[in-house]
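See the structures that follow.
Paired with chain B in one complex and with chain C in the other, chain A is shared by the two complexes that follow.
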Partner chain A sequence: MSQSPSDTLTTADGVPLKVSLRRAVRRSKFKALLLVSPLLAFLIIAFVMPILDMLWRSVDNPEVSTRLSRTVEALEGWDGESLPGEPVFAALVADLREGQEARDLGLLSSRLNYEKSGMRSAISRTARRLGNLEPPYREALIEINDSWGELSTWKLIERESSPYTLSYYLAAMDRQLSPEGEIVKVPDYLEIHVALFWRTFWMSAVITGLTLLLGYPIAYLLANLPLRHSNLLMILVLLPFWTSLLVRTTTWIAILQSQGVLNDMMVAIGVIADEARWQMIHNKTGTIVAMTHILLPFMILPLYSVMKTIPPSYMRAARSLGGKPILSFRRVYFPLTIPGIAAGGILVFILAIGYYITPALVGGQSGRFITNYIAYHMQTSLNWGLAAAIASILLLVVIVFYLVFNRLIGVDKVKLG
Partner chain B sequence: MAIPSYATRGERLWHYVFLGLCALIFLFLVGPLLVIIPLSFNAEPYFTFSEAMLRLDPAGYSLRWYEDFFTSSEWLGAIKNSFIIGIASTLLATVLGTLAALGLSSRHMPARGAIMALLISPMIVPLIISAAAMFFFFSKVNLAQTYPGVILAHTALGIPFVVITVTATLSSFDTTLIRAAHSLGANPARTFFKVVLPLVTPGVVSGALFAFITSFDEVVVVLFIAGPEQRTMPIQMWSGIREQISPTILAVATLLVLLSMLLLTTLELLRRRGERLRGVSPG
Partner chain C sequence: MNESAAIDARQALPQEADTCFARFIDVQKSYDGVELVVKGFNLDIQRGEFITLLGPSGSGKTTCLMMMAGFETPTHGEILLQGQPINGLPPHKRGIGMVFQNYALFPHMTVAENLAFPLEVRHLPKAEIARQVDRALGMVRLEGFGSRRPAQLSGGQQQRVALARALVFEPELVLMDEPLGALDKNLREEMQYEIKRIHASLGVTMIYVTHDQTEALTMSDRIAVFNDGVVQQLATPETLYELPENAFVASFIGENNRLQGEVVEHLGERCEVVLDSGERVVARPVAVGGVGTRTTLSLRPERVALIGDDDEGRYDNRFSGIVQEVIYLGDHLRTRLQLCGNDEFILKTPNAEGNASLRPGQSVTVGWTWQDCRALDA
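Up next, the complex of A and B:
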């Protein structure tokens, strides 16, 4: 076999080198994917699917369409101008009878009650008297409860017959649909969520600002000390970082509460009178102080790793060129630390808006975050759809900041300890 | 941070003011943790220093809250649960995370950025959201209020820490060492056990420690998906803080501060060992 030099290069067994290389790359790609796949599969089952399930739950609306299927069917073609006719009422009675037997009217009545107060009692009262109900059902039902004689009730049932709803998102934004189908504000006494979202954001911003204010000098000191000393001082930063969150929250309760260490000290040295003790906990102050303390290491560590890379000769050069200390700092050193400020700032902010434990323990009524309302709707009001909607909005905010962070710094650059 | 010889008097003054400020911030960082230690020896059931304590009167101090802790079946049960859940989820997270890190540090890993972002996400998504989501999902598949459910949840939360630390270790791993071992006649198994493993182990162990402490300190997810059977230490503390009946939680807190000191030392030793083995710096 004669080979001209222009022929492609081949390996010893005659395969073109390109093909062989491609095969090797493919094999190593496959190997890498194989190594990652167990973890990916695990995370998809244990983490991604729950999150998707939650997103789905925030728009899922099965109650009316399944429980009142006959009524919904009978309502088709209803003009919406006057009360529906007898067939619709008869269908409602049939639906409620079935629900009563299966003992699952609870979800339906709470679902309708979110949209129109009084529906829970209307349904339970009606269900109780279903046994001896005689046609004509229309009059009989209206006699049991006025709600059945209101146009808005039927409009509500018609509207909520869709298997999906945006009403949880509207509720999370303190809005609701009026009987006419317009988006309106909820009554004042129910307006909570928007204010809480804003409070969460501005308090997190304050906390981020405070951690920057306190973290910057520390990071500067650590980055400019000889390694022997800075390693020692670094332990003072890492110790709180490694200590249980609950422990750090507990210590702040012990220090800040009205019979606590700080107040006792102030009374003892006569700064404040015994009856005028500072109220520093179970309010905004408590949340801000405790969270600034808890999140401070997350600001110091990224700042430190950026400052470590700035050669000290830059500042010396600025000074030797005649820059006054403040000017040299502002024009030379500070701009170089901005990546660290961005990294630490976004990290602290993301962590702060999602905090639940600390605001719940030291925040009292006024220092609560939106996360506390997610827990409230999960555990107390049991309005899971609303909890899912609030959580989804918060998740969206976090993801946006996370993407910005990823763009600016890159997640694989995150260092721990 | 010595003062340069050309510094003016104002600059010298500022230098000391700056050091003073830093000292105050360090006090803010560590002070609270130090306050809690003497408080836990309080003989009175208060969360503040009694007069006897301030007079350094031995009668003001006692070990009663520690005794309380070590004799309470509730606390001991909670510790046991915490260790069971912590160890199981750490093992899972470490095995899965290390395998994935090996894949991720391959030069030919496709879609590395996207996969990395996904693997890190349990660390970024607020715990309350993960907890709510897992509660919904785990109740559907009958995993809520079971040990496996809590363990799976904690594994997911611990994974980012393992992935980050192990990939960091691997990225500084010098692959020529493997070729060197081969050229000196070691077979792949011997190369792995004698060369690769000793270099990677410190990273894996510190990742595992991170995963363990994450599980050991986690409240929110357990609060949502665990039943009374799986009551862990943080849950016990959480209800203790809410009710604030006895300073036993101060004793627990002190023990936990000691634990974190221990962990920190271990990690520092591991880091130094890793650097020494790689010949990066003498520590």
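Up next, the complex of A and C:
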């Protein structure tokens, strides 16, 4: 046991056993690789590369360093105590002129505007009057827009001249760099992301808890009913997968809206007054109800797969040894289902924090998730760097949860069906 | 020659209901409302007895055990434990120890925690629990295994733990559902003696379910042979083997030559049967009607003797047959004969001097007494 024989073992012709073995399996390994290569290529193109691109974009910062290359060069050695001199302003004019010809000043102005409001109009106004601008540029530019006379503008340009930035991550956490270079909170009225992150996490936790509460008994029935009944139940569990996600979500609108099925029924049987209908959609309730419904199978299936491996004789043994039903469940059955609870929980939670369509449709203002803000920054504000930073944080959270789960339970315990 | 009467006498048991430890009274069980799995089961169990329910799978024996444990409810009839009806009593209030087919040791608990479980639910003090667990481990010779998990034990050790767990809370009745089914042959035999030893030393009452007749014969005080939801015969191992009451019991317990025929003469103690192949055989009538009824003659292979020239007149039935096959089994020889129109007539002879000379194709004369040849139902 103490000495390893592997480094001395050889085959009959003196080749080390390990080398010989590797040679023997190389061909079959290569063939196996060939079979999975289409999928591998697909995964790399459609999954790995977009993620790498996203991570890249969350720190990528090309606008200032490329568009204002002359200005950045001229700013080198600037003391930062007073406004820069005429050469810097001349370089800025040259840069802006080139940018106007190339028609790509928009990216630059947006980028600077993220950090300092007013920069967009400063640049566009300056660009419009570049044609008849005469030296000395310093006075001329300050006359066009006061921003050029502010120290913070130049500090910003100097700061963002690096090709990489963490400012998107700061923005995603509702933080920014002050002109002095310190990390400070954004003003209250701009705070949005951190609160949304927390809301996403706690609502996902609530949804996970609800799916567990609802799914546990169903999974138990699935695992313990006679085959004929459990097959039917399994079909019912899987039925939602055969229906479009969009249909399932909008069905909840029909049920929960104020003129919807549930409210009408409640009014009809006199539980609530007609003018006091419940507001159950386009808020947190709507998101939680619809997402619990949609994610329920992802809780049931891992639970079921674990429960199916627990023979009924364990509970019988516990009962025959004198355990009351609830105690037997708590001491024997429940501990054995923990891998299933953990697997279902991590699956539902990870799916929930990344959910987009359902909160977008039924969440209204208060039931929105962080994912809806990623979409907003992708589609409306066009701040892809910020969208990438938020998404990267979400990815990081998922990875952390996964690692914790793997540490506590073990990923190999996760099975579906 | 009248050893059967002695066996019958030994089988006689007190029938006083009050002295019975446990009783099944006319118990019937149906799962689907169409078919009866157990059809009118009656059994009186004495305190300290080792009772085996023996039968092929699907014969209803496990169902009876589960009804006693409380996991199934009888569709009809009553089960009494120490004179009290327990039909409505949930399993955890019955105080019956049970050993399951696949042990059902809790995999997330150590051996000691498994053994402590029945004591903890009874709220015993901690020190007492530790003492009892140690005692139970000692009883099954597993001292020092307390901190292991069931998965780290061999099949035989798991079996011992399961046994200890069923006994640790000192139940008066222990049920065992094919507990040795998953073990290999040697281990199974070892465990049979182990269980017998524990049964004898503790004096608990045991109900044991198995489909293995050797196991049943080795261990039991009495055996109930099940088939098709009905007890075919309830008797001591000797009686079952020597004096089977019907064709099923005869064929299920031990090996058995079967000859089909018709009763032609009934003389009370003995009868004469004409086989389908024409031979006349003298037999003991056990479960046959009068003259003219069909019957199956049952004859143990070891009760058939090879007849030499010198023992003329010792056997009531003498026939000659042709050796088909001889199988050497070490301590005895199994010879397959063609005899009385039966190709599968088995003759077991001890591997003694002079007996090993049979060759296929050889013609031999065999004989047996009328007492050993039992005329049973067709």
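We take it that the second predicted complex is superposed on the first by the 376 of 417 C-alpha atoms of A that agree within 3 Å, B and C clash if a C-alpha of one lies under 4 Å from a C-alpha of the other, contacts with A are read in each partner's own complex, and residues count from 1 in each chain.
Methods note: a residue touches a chain if its C-beta (ideal position, glycine included) is under 8 Å from a C-beta of that chain, and two chains touch if they have at least 3 such contacts.
Keep in mind it's a predicted model, so treat the numbers as computed, not measured.
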item	value
Which of chain B and chain C A:N132 touches, first, second, both or neither	neither
Which partner, chain B or chain C, touches more chain A residues	B
Which of chain B and chain C A:Q365 touches, first, second, both or neither	neither
Which of chain B and chain C A:T380 touches, first, second, both or neither	neither
On chain A, the residue positions that both chain B and chain C contact, one per complex	316, 319, 325
Complex contacts: residues of chain A adjacent to chain B	25, 28-29, 31-36, 38-40, 42-43, 46-51, 53-54, 57, 214, 217-218, 221, 224-225, 233, 235-240, 242-255, 257, 259-261, 264, 293, 296-297, 316, 319, 325, 350, 353-357, 361, 371, 374-375, 378, 384, 387-388, 391, 394-395, 398, 402, 406, 411-412, 414-417
List of chain B residues in touch with chain A within their complex	1, 4, 6, 11, 14, 18-19, 21-22, 25-26, 28-30, 32-33, 35-36, 39, 46-49, 96-97, 99-100, 102-104, 106-110, 113, 115-122, 124-130, 132-138, 140, 152-153, 155-156, 159, 161, 163-165, 167-168, 206, 210, 213, 216-217, 219-220, 224, 234, 237-238, 241-242, 244, 249-250, 253, 256-257, 260-261, 263-264, 267-268
In the complex, chain A residues that touch chain C	311, 313-314, 316-325, 327-328, 331-332, 335-336
Of chain C, residues touching chain A in the complex	69-71, 90-92, 94-98, 100-102, 104-108, 117-118, 121-122, 165-166, 169, 175
